[in-house]
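Report on the structure given below.
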Amino acid sequence: REPLALIAGPCQIESADHALSIAAVLAPACAAAGVQFIFKASFDKANRSSLKGRRGVGLEAGLAALAEVKAAFGCPVLTDIHTEAQAEAAAGVVDILQIPAFLCRQTDLLLAAGRTGAVVNVKKGQFLAPWDMEHVADKVASTGNDRILLTERGVSFGYNTLVADMRALPIMARTGWPVIMDATHAVQQPGGLGGASGGQREFAPVLARAAVSLGVAGVFIETHEAPDTAPSDGPNMIPLAQMPALIESLAAFDRLAKADPLHV
Amino acid sequence: REPLALIAGPCQIESADHALSIAAVLAPACAAAGVQFIFKASFDKANRSSLKGRRGVGLEAGLAALAEVKAAFGCPVLTDIHTEAQAEAAAGVVDILQIPAFLCRQTDLLLAAGRTGAVVNVKKGQFLAPWDMEHVADKVASTGNDRILLTERGVSFGYNTLVADMRALPIMARTGWPVIMDATHAVQQPGGLGGASGGQREFAPVLARAAVSLGVAGVFIETHEAPDTAPSDGPNMIPLAQMPALIESLAAFDRLAKADPLHV
Amino acid sequence: REPLALIAGPCQIESADHALSIAAVLAPACAAAGVQFIFKASFDKANRSSLKGRRGVGLEAGLAALAEVKAAFGCPVLTDIHTEAQAEAAAGVVDILQIPAFLCRQTDLLLAAGRTGAVVNVKKGQFLAPWDMEHVADKVASTGNDRILLTERGVSFGYNTLVADMRALPIMARTGWPVIMDATHAVQQPGGLGGASGGQREFAPVLARAAVSLGVAGVFIETHEAPDTAPSDGPNMIPLAQMPALIESLAAFDRLAKADPLHV
Amino acid sequence: REPLALIAGPCQIESADHALSIAAVLAPACAAAGVQFIFKASFDKANRSSLKGRRGVGLEAGLAALAEVKAAFGCPVLTDIHTEAQAEAAAGVVDILQIPAFLCRQTDLLLAAGRTGAVVNVKKGQFLAPWDMEHVADKVASTGNDRILLTERGVSFGYNTLVADMRALPIMARTGWPVIMDATHAVQQPGGLGGASGGQREFAPVLARAAVSLGVAGVFIETHEAPDTAPSDGPNMIPLAQMPALIESLAAFDRLAKADPLHV
């Protein structure tokens, strides 16, 4: 069993310098804790709650920034794509293509991502049961791609609320693909602020720790030096200054969990 | 207040002849009942539960079949699109472009649909609250398009189950856009058959009648002459032979509802 | 098929005079509309959200008030009980014993109610599926009592929210027992005001009409001349002044529904 | 911060000998792991899904058996009560009175339990939000009793399913009362077997470990030497033979969690 991976970064690529400044905190903290670091950031927020939300720097500038992070820190980088056309271009730079939760059933997007040969991380839709993800992964695998990650990010629970069902983690692990817990999106309150999503960032470390204790392959956490002024997902991102201690704490639970695996 | 509209047809366009044979039952039944008939069918099922599900005849053959139905019966036709590129082509034939529920937050798709000038029917995501749809409609309206329909098709309720919240209908109506009840998708059991969705077609007339009694602008019902052998959505489609009586019944509730509007 | 029954009254018995003044509005409105009137009020609110909520006048004073209403208007009366000991006493006065939703699985209470020979109306727990109520009704029926009513009052949907699943009405009707829609409790927001429950009274007529259109045996509605100052359930009660028009409207939908029964 | 407490035992008291045989496994396993052991068993299952379910040995025999366990092992014992009348009698023997989830809002029962001076463990209703439990605890505390425990046992999530929201644990802990995770009831599938509840016992250790990692005061687990033939709750009880290893594992996560407390 591999030690914990951390997929982390700001929600949006704001600039290359901004991305580098975040990675500069996360990379050494992960190294110190024995955690594998994967940098994550989005070039386009294609499904904002309302038109007023900022979308991002776009594909070209975003990939350039991600390439800089990769070169500077030697870490894998991840970004999410929204159309088939973006798959090939993004895979030229990033190590992991991520399929957003709302798009996790779009067959052509899954196939396009799979065909690039990049690792494909599929977020489970808020409308799916964990056992439904087997068929989603099969779509990617049908392209011959066998580097697939499945990510839990909460399931719809009434209106404007998600709940993270811990059973989903071992259930998805039965597919054989590594399972990631997205701790910051699972505490979103979709649409909870009217024209924008709210969030409960105080619970992200709660969900991260619970998942790590169950032996997940990785944790996904969005972070920002000043979440309250971030262009998106501020209410659920964890302040960057808190990340080193959180990473160290999660690493300790990971070691215990990996030494004492659950058999479900 | 306009009389009830019925958006109905088979889940998939199987062939032009098949589409025509279904419209040939629905059109006269609607005319007899004083219901406006809109023919609906999909040229591509882009988000099947698994790769094994049949996708459809494709854009070109699909639009040709819809054009035949429109010419033969003089009724408006509706189809759903999945990419921006499909918007313009589809709007060359159909009167109403439909945005699938999973895609209802994809900004670029909503804008592309809006820009065509066609009527845009947006299905509410299974992960959205009814009040969230105001911001979705605003994306379409930002293009200058003021012919928007909002459709309820159920909201996630635990795993593999949807529930149709009747409050959603008057809440969405507060936006001022006409509201449609999708009675057959709201009784889907997503992923309920493992690699395919199940359904409870016996409850579709229940939800249709309840919604019509509340004064909705229209009802959306998928139907097939032999649902159990249909290539998709069989478990929730209503047998075509039952449609004329159902249309007549709904029209009677519609007349009573429109004469006695609820003030919510 | 019998015409619609209306179970209505204030949440609490505040005094005999208060109860009489409410019945004095409801009874003639029901008579005018051809609706059977059953007066409902509680002598004890045994499960308030917090200790600060007013409990009620108690068993003795409550039953005396109900007896006055029954004598004055000749209508059946209903009250809810919370302990086995209350069953016999209450059944000496009221026609219908009601089992509260939270207590709908308490075997001894169901048996005690059944043994009185009174009609027993069991509210479906917010935590139960509609098909679970068959076993609940069987407990009452095991006493030889075959006068059972089953009432839908919403099911838990995330936190502090209920949803009324219209499918529940025909599903419970398959038991053969008459089904009632509790339109005012189904719009409660349990605990939604912190130490008290909130509510959305504007949606109670929505749910009542939808249910009546489906052919339910009866509708349950709490009402008060000044809901905002009522000692309990104010946010979800319908103002008394609106009841005559609502009753007349529901009666029209009931006649149409009973003439055109759904076969589910 | 106290080390972990384990509340464990069979769902029902089947006989004094049976109770003793279970405690004889659990007590030494807890002692070896540094976990405080509290024996739990019920004398009456008062809210079975159907009349066919076995109810139990009754108050008198049950209390006698619990007294034997207490004498033999020197451990605190817990049982659940269903009526006010049972509070005083049970408190003569047991250390902890438990209020069942369905009854957690019944004011008189909470007050009767509080007045005995025994520790009162209130299970959160499947229909309540975690923040609603503050008002429930206040009812008990109003009696002057300041020994209160709050237990999470899952919340309704669609039909016949519960979900354990890990956020509920720190939210309830804000009240200042110790929080317990009931890992075996949270994996129940209420009514999932038709006339009985199903369960997913394989996930009980998952939920127990996740909760312990978050630093809960205790874990509640039902266990039986042969769950599949137990008179109640078999599908969700953990086989007794697996308990010693589970206890040891949970103790290791508890030590790590208590040394690194989350600040929520």
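The letters A, B, C and D name the chains in turn, as written, and every chain counts its residues from 1.
Assume a contact is a pair of C-beta atoms (placed from the backbone, for glycine too) under 8 Å apart; a residue touches a chain by one contact, two chains touch by 3 or more.
Note that the structure is predicted; figures quoted are calculated from it, not measured.
Enquirer: Could you tell me which chains are in contact with chain A and with chain C alike?
Expert: The shared contacts of chain A and chain C, listed by label, come to B, D.
Enquirer: Tell me which of B-D and C-D has more C-beta pairs in contact.
Expert: Between B-D and C-D, the larger count of C-beta pairs in contact belongs to C-D.
Enquirer: Once chain A is fitted to chain B on CA atoms, what angle does the rotation have, in steps of 5 degrees?
Expert: Answer in degrees: 180, to the nearest 5.
Enquirer: Validating interface symmetry: for the copies chain B and chain C, is the fraction of residue numbers used by both over half? Same or different.
Expert: Both copies touch with mostly the same residues.
Enquirer: What's the distance between the Cα centroids of chain C and chain D, rounded to whole Å?
Expert: About 33 Å separates the centre of chain C from that of chain D.
Enquirer: Could you grab the centroid distance between chain B and chain C? Build each centroid from C-alpha atoms only and quote it in angstrom.
Expert: Centres of chain B and chain C (C-alpha means) sit 36 Å apart.
Enquirer: Please report how many Å separate the Cα centroid of chain B from that of chain D, as a whole number.
Expert: One centre to the other, that is 48 Å.
Enquirer: Residues of chain D touching 2+ other chains?
Expert: 157, 159, in rising order.
Enquirer: Which part of chain C faces chain B closely enough to touch in the complex?
Expert: Interface residues on the chain C side: 157, 163-167, 169-170, 187, 200, 202-203, 205-207, 209-214, 249, 252-253, 256, 260, 262, 264.
Enquirer: In the complex of these two chains, what residues of chain D are touching chain B?
Expert: Against chain B, the touching part of chain D is residues 157-159, 161.
Enquirer: Over in the complex, which chain C residues touch chain D? Could you list them?
Expert: The contact residues of chain C facing chain D are 46-51, 55, 82-83, 102-103, 105-108, 125-132, 135, 138-139, 142, 155-156, 159-160, 190-191, 194-195.
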